[in-house]
Every structure is written in structure tokens, then in C-alpha cells.
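Everything on this sheet refers to the single structure shown next.
Note that the chains are named A, B and C in the order they appear, and that numbering of residues resets to 1 at the start of each chain.
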Amino acid sequence: MSNIVLRLENITKRFGDLVAVNNVSFDVKRGEVFSLLGPSGCGKTTTLRIIAGLEKPDSGKVYIDGEDVTYKSSRERKVCLVFQEYAVFPHMSVYDNIAFGLRFKKLNKEEVSKRVREIAELLDLDELLSIRASKIGLSEQQRVAIARCLVVEPSILLLDEPLTLLDARIKERMRRELRRLQREFKITVIYVTHDQLEAMMLSDRIAVMNKGRIIQIGSPKEIYEKPSNLFVATFVGSPTINLIEGVLRVSNNRLMLSAGNGDILLSDYIEKPEVFREIFNKEVIIGVRPEDIIIDPGGLLQGEIRYIEALGDRMVLHINVFKSIMLRVLTDLYTRVSIGDKIRLRINISNLHIFDKVSGERIINMR
Amino acid sequence: MQMVDSGVFNMRRIIINIIKYMVILFFILWIAIPVAWIISLSFKPYGEWRTASFIPNKPTLDNYIMLFSPRVLSAFIAYTAVIEPITRPMINSVIVASVATLIAVGIGFFVAYGASRYNSPGPFTLFFTLLTRMLPPATFVTPLVVYYTTLSLLDNVIGLILLYAAASVTYAIWIIKGFIDSIPVEWEEVALIEGAKPIEVIRRVVLPIARPGIVVSGLFIFLLSWTELLFALVLTSSQAVTLPVQISKYVTGVGPLYGAQAAAALIGSLPPVIIGYIIQRHLITGFTFGLVRT
Amino acid sequence: MPEKPPRSIVYLSNIPLNLLLNGILIIPFAVMIYLAFVKWSPLMGINWWQAPFAGLANFQRALEDDRFIAALQRTAVFVVATVSIEFLLGLLLSYLLLGEFFGKKIVIALLVYPLMLPPVVVATIFYLFFQPYGPVNNIFLKFIIGEKALDIYWFLQPDLAFITILLADIWQWTPFMFLILYSGLSAVPKRFIEAAEVLGASSWYIFWRIRLPLIKQLVAVAIILRALEAFKVFDYAYVMTGGGPGTATETVSLYIYRLSILYSDISYAASVSLIVLLMIAIASRLFIYFVIERGR
């Protein structure tokens, strides 16, 4: 148990008729960065607040450091929460803000001062200590909010969408800062966000949530390469995964997808066709990530470029294959193509994702 | 909902709660006792008005009947003037107080907003509006009467409405401004940059947060207008008589009709009570965004 | 915010206000000022606009008027006492009522009830309350100190009379303070409260160090508004004590009222009113400066 710093068991929380958190359970290991990722309203913030002690669950249990804290108030838990809007106390100085939590710990003045100044220096706030918190900028306020938490040495640091309010350049920097702080303090972090890129870059493990439920828990690699259902596959990954409906068939070791308008030849040689036996003639949805479609003059698929999107150091080609099917293909900037070009594509089948059409659940993963 | 510290047998918490509720109870009694006495007074017959008891010996509805029936009333009044039933003054009070409140709050809101965000009107004007509440009313009355005579606003609800609105608009301005000042300017600036017109900005950003201020000042102004006596007494005679004036008329050659006054005051306090109860929920905006789902 | 306000805001925030105040209040006020500088009384038999000019005579008389000065002092003491007590009680009530509990809405409705009664009525009730035959003597005090209670004549002793009007004012106006403080305190954004909670603060600490400081401006507004009203106190003194015994509870408003109505000394009354106005204006200006503007 000493490795597990937080355990949630069957947590459910309702607001009126809405079930915000629906039977959520997971463990968080000491020292890891654990993210709750999902769209707005999926219950991630409510779950965080339940961990913090600001909401009481309707059922289920919360264990922190092995102790059942379900009914304990937030001041009795060794956690600290950095709010989305930082909630820095505007009428107090930066120093008083950071020192706030220490005043309840029966430390003498010198000790408090020492700790506050240490943290302030680490977070580049030492010049601002005597300034009123309402007068500093947003990213400084965020650092104050974080410092305020770090200084009380909580078992778990809870962050509620900390980067949402910052602009892009600062976001970049703060991501690195957060990672650095986390490694330095070896502190367990639970991180709530709707930005999948953020979650992927910062986390050791991610819990993807939707409509109050946990859909999948795994490392960023696992979530990305083995999404357990359609929701996770489409939510994670940018540009969004390509999805095609149809029925898979194998004949002569050739893999084909019968999709409405006709047959798409996915591969002309499959080593082990038996793998597909259980889904023969079943209605499925195929998922192919844009980076798994490659421009290849010898490829099996042919299509016409309808639209080109420039994304910084890459391009996304929107290619029409087969009457109504549009595929997004990722490529680098050096590829010379223009709209209207006819182009041949090859699909990397080892990264093919197959989902059941009705349930959205993953059927086979090609790995 | 509030999380409380855990521990079933937390003695300290129990004692604190007991003290807390006892103090609340004390305040309830502090308010309720005189109110109970007014209620009992309203049911006491003439002979018992000057007694200490909280329960009338011979309870009667006479005082209430008196309010609505001039004939019963004139039996008490030594002079021949027949006092009207209380219905008209009640209606007048409702009209005067509501309209005056709407005008005062409507005007006051925009003044508060302009003053808070753009210094328009400036601090001098703001202070100047406070002057309206600093003047002892007694000597203002005579010039006002003369002025109103020339404007034909005597004994006219409009005259009262305008006076009350003018006299209490400063309440609205100062209270609402207090709330608007506490809203970070950045929110409105962002909205303006996004292309919203100033009026929209007010509606979407400012109004929700200033709402308690609007409601509180509105309530006070309504109450001020509802209970005002001096100017109403002087400026009205028959048509526009308001409730407090009517109450003051329940006086005979041998002294005030305490029972009738009590009954009238109780009935007269009902509309404000109802309004106050209805708007109570607007007095509180402690919720942060998105964390309370309905 | 942009330096120059948009046209619509300028119009909306200035024109209606000016129309209202200038249309209704300026002219009578100007007449009042005029009256203060002339010598006029309806008993003189001439029209008010024909009154002889008197310069500063009225004002000089006021400054040497012992009765006026006594009334001023008395009223000042009254204001300080009532406003501070009402503020503290209002604060206490707000603190107690911050959390949810069963029947809270009813409790608040009851606590606020005194504001719904005309001050004259409250004055009348308290008048009856403190009569020798009233419940204060016959029920409450009798319970505490026995038969001796019946010998207390509230309105015949200056100190006791003063206390009665204090109590009437406190009873009626504490809810005012309570309402403003309560709505301000509960409007403090929840995230500040929660942030403090998570960091270990008790609700008592949060009340004093987080909620209250954040509504400092509102508190100042509440105090000044209440103080302005308290200074004009009239109804309680008029109905309950008649300013007595003697002039022991004669407030400034009562004195001015008597000058106008009883003695028909209108111009003098006007000048006294203006002096009072000036004094209050200066006092509040100073208050606003020190408390509100410095606190920004």
C-alpha cells in the first residue's frame, strides 16, 4: 500500500438528475503524474474536487496514504489544489499568499520565512514577494498558486486545468516548468485537463473520462497506440484519426474493406488471415491515424487531394478516396503536392485499429 | 454543501454549534418579541391597549374592521372627517414604492457603472448625490410644497414617486458601485475586444455579478419609500395618501388608536415581506462558474 | 478600459440622473438657501420673496445657540453608538448565518422584518413598551429584578430616555447592516474560500482574513449610508420622548422641526439645516477620503 498514494473506489456523485461521476475507481502511485483527461463536463473536475475534499461523494471511498478520508474535510487531508483561476488572494501580498498554509502548522516566523523564500526563489517569485497579489500578471499568479501549495508539502498536488488561461508561448514554458518541479520535488501530481496534447506530454499515466466514467487508463503510449474504444481513439491524437465504416473481408490473403460504395483494398498480402476470422462479415469501423497513411507511388489506394492544411512543420492533406471517403494524411513540408493531384497511398496495417460498429469498443489491435 | 471536520464525538464542534444556535435564537427572540406584541395589540380592544400583556383578555377583530370600514372608524373619531378604508392607501403605497424603486435603481445602475469604469460622472457628482441624504428634512418641506404647487404635483402619486426616486437614487448608486468595483475590469475588456457592444458587455458580464447589489439597494429603496412619512404627510391630502400617512390619521381627541395603528402596520408590512421573500435568492452569488450544476 | 467612454454610457450615466435631481430637488433647495440668508417667518405677514436680507445673521445666531449645539452633540453620540452597535450585531449575524441550516430562509425573513415597518410605528410600539404599564417593566424586568422594576420611569430620566431611543433605532436598523454585510460576504467568490480551506484555514479564520477584507469597500459604504440616516433621527425622539425629559433627547432634526412648526422661525431653521448639512458633508467627505480612497 505504501506505493499507492491515492485510491478511489467506486466513487459516484450526482448533482440533481445529472450523474457527474459514475462509479469511478483508480489508483495513483507515489511520485507519478496522473492525468484526468476528457471533454468539458466529463466529470474530471468533480473527481478532482472529491479527491481534494471539496465535494463529498454520494457513494464510494477515497483513500490517501492508506487512510480512509472520504468523510474528512479538505483541511484534514494532505492535499493541495491549484484552481483553474488560481484563486490567489488578491488583498494579500505574494509573501502572505505563499505563507498562508504554513500559518496553520505551528511554525515560528523564521521557519516560515525561510521556506517561503526558498520556494519563491525556485519559482522566480523572489522579487515579487512584497507586491499585492492582485497587481501581478496571470502567469505570475499561477506560480504563486503553485508555490502556495508546494510550500505545505502535500502528499498529492492537484492541478485543475492549470494551463488553460495562459497564452501559447507561456504554456510551452510552464509545461516544462511543471515537469521540472515535479521531478525535483518528487511530488505526486493529479492533473485535470481537456487538452490531450498536454496530457500526453506531461503524464506518466492518463485516465480518459467521458460522461462521468473512466474509459481507459494507461500510459500515453498505450492510450495512443491501443485506444480501447472509438472515443479514446478520436479524442487523443492530432490531427484526428481517420474512421471508415464497413465490413472487412479477406480473400486470397488480401484484406479488403467493403465500405458502402465499394471495396477498399487495404493490403495485398496478410500473413495471418485467421486473426480476422472472428470479425469476418461483421460491421466494423476502421481507424487509421494520419501518420499511418503514407504517400507511395506503389500504394494500393488512389485518391485526389482536395485540401491542404499547413500545420507549422507538417502538412495535412485531405484526400478523397472513393466517392465519399475523405482521409487525412500527415506529411512533411517537403512533399510537393497541390490541390487536385492524384496520388497513391499505402496504409500501414500494423497500426490499424478496428472497432465494433455498434459499441465502439476495440475488437482487434493489430499489434 | 459544506464539509465539516470529521469526528463523531468532536466535543468542541458540538459546543460551538450549540452556542451558535443559541445566539441565533436570541436574535430571533429579540426581533420576535416586539412583533408578537404588535400582533397582540392589533387584537386588543380599546381598554387593553395600555396593558403589558402579550395575550389579549378579550381578543377582538374590531381594529381590523376599523381599517376597512369608515363608519366604524368615524364612531371613534371625535371630528367629522371620515377616513377612507385602507385599501386605497395600500394601493397608492404599492404604486409609489415600486415605481420609485424602479426609477432609482434603473438610473442608479448606469450611474454606478459609468462612475466605476469611466469616471463618468466623476467623484464630485457622486459625493453630491450623497448630499441628498444629509439634509434634515424639516426645512426642505416648505419650499418643496411651494414648488410642487406650481407644478401641480401636490396630492399626486407622481409627485411622491419623483421625490422618492430623487432622494434615494444615491443609495442605488453607492451600493451597486460597490459591487461593480469588485468585478475585475479585465473580463469586460476581453468582451469588448471580442467585439461586444458596451450594452452587451453590461448584460453578460456585469449584471450577473452586480445582481445582489441591485437587489439589495432595490429592496432598501422600496422599504424607504414604503415607510416614509414626513413628506407623504405634507404632500398628500386625499388622493395620493400612502399607508404611513393613513396610519398617522388613526388618532382621536383622546389619543392614538393604537390597536388600529398596529393592525394597519401589520397589514401594511405584508407586501414588503412578500417581495423580500421572493427576491431572497438573488441576494447570494457565492457560486463559482461551472461548479454548481442544476 | 478605453479612456473615453462610449457615447451610450455617457448619456445613460449622466442625463437621467441630472434630470431627476435637478428637476425635483434643486429649486426647493435653492429657495432654502435663500431663506437662510433672509429674515422671514410666516407670522410676519409678508410673502417670502419679499423678505428683508439678513446676511449671515441667522448663521451667527446658530453658532451661539446652546440648544442647537447641545442637540448636535447629543445626535453625534447617538450616531456613533447606534452605527457601531448595529455594525457589530450585523456582522455577528452575518457570520452566524453564513452556513446553511434548516429554516434559514424563514429566519432571515424574520430578522429583516423590522425594516418593513414605518419608523413611526416602531416608535409608537417602543413607546408603549417602555411605559410604566408596558411589558418591559411588567414582564421582563420584573422577571429579573422583581417589584423594583415597576418604579423605573424610562422617559423621565435623561439617560434612560436616551437608551430607549437607542434601542428603538438598533432594533429597527440592525437588519439593514445585516443585509448589506450578508449579501457582500456571501458574494465572495467560492474559490477563495475553497483555496483557503484546502490550505487548512478554519471558517473563523476565513471569515476574518478572507471574506471581511474583501468587502472592505462595501462595509465603508454601509457605514456611511447608515450614519447619514442616523443623524437625521426624528421619529423615535418625537413619538417616544418628545425630546424629553426637557431637551435631554432632543435631536437635531427634532429641534429643526420645532423651529419650523412650533416657533415658525423658518429662516433660522433653514440656516441651522444648512449648517448641519455642511458639517455632515465635511465629515463624510473626510471619512470617504480616509477609508475608501486610501484603501484602493
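By definition in this document, a residue touches a chain if its C-beta (ideal position, glycine included) is under 8 Å from a C-beta of that chain, and two chains touch if they have at least 3 such contacts.
Because the structure is a prediction, the values reported are computed rather than measured.
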item: Inter-chain pair with the most contacting C-beta pairs; value: B-C
item: Chain located farthest away, centre of chain C as origin (C-alpha); value: A
item: Closest chain to the centre of mass proxy, which here is the mean CA position; value: B
item: Chain centre separation in whole Å, for chain B relative to chain A (CA means); value: 54
item: Geometric centre distance via CA averages, chain C-chain A, whole Å; value: 59
item: Inter-chain centre distance, chain B versus chain C - centres from mean C-alpha coordinates, in Å; value: 15
item: Residues within chain B bordering two or more other chains; value: 1, 3, 288, 291
item: Residue numbers of chain A (touch at least two other chains); value: 53-54, 73-75, 85
item: Set of chain C residues in contact with two or more other chains; value: 189, 191, 197, 214
item: Complex contacts: residues of chain A adjacent to chain C; value: 52-54, 73-75, 79-81, 83, 85, 87, 89-91, 100-101, 104-105, 145, 148-149, 152
item: Touching residues (chain side chain C, partner chain A) in the complex; value: 189, 191-192, 194-202, 210, 213-214, 216
item: Residues of chain B that touch chain C when the two form their complex; value: 1-3, 20, 23-24, 27-28, 30-32, 34-35, 37-38, 41, 49-54, 103, 106-107, 110-111, 113-115, 117-118, 120-121, 125, 127, 129-144, 146-147, 162-163, 165-167, 169, 171, 174-175, 177-179, 181-182, 185, 188-189, 192, 198-199, 209, 212-213, 215-216, 219-220, 223, 226-230, 243-244, 247-248, 256, 258, 261-262, 265, 268-269, 272-273, 276-277, 280, 283-288, 291
item: Residues of chain C that touch chain B when the two form their complex; value: 1-2, 4-6, 8-10, 12-14, 16-17, 20-21, 23-25, 27-29, 31-32, 35, 92-93, 96-97, 99-100, 105, 107-122, 124-126, 128-129, 131, 133-135, 137-139, 171, 176, 179-180, 182-184, 186-191, 193, 197, 214-215, 217-218, 221, 224-225, 228-229, 231-232, 234-235, 252-253, 256-257, 259-261, 266, 269-270, 272-273, 276-277, 280-281, 284-285, 288
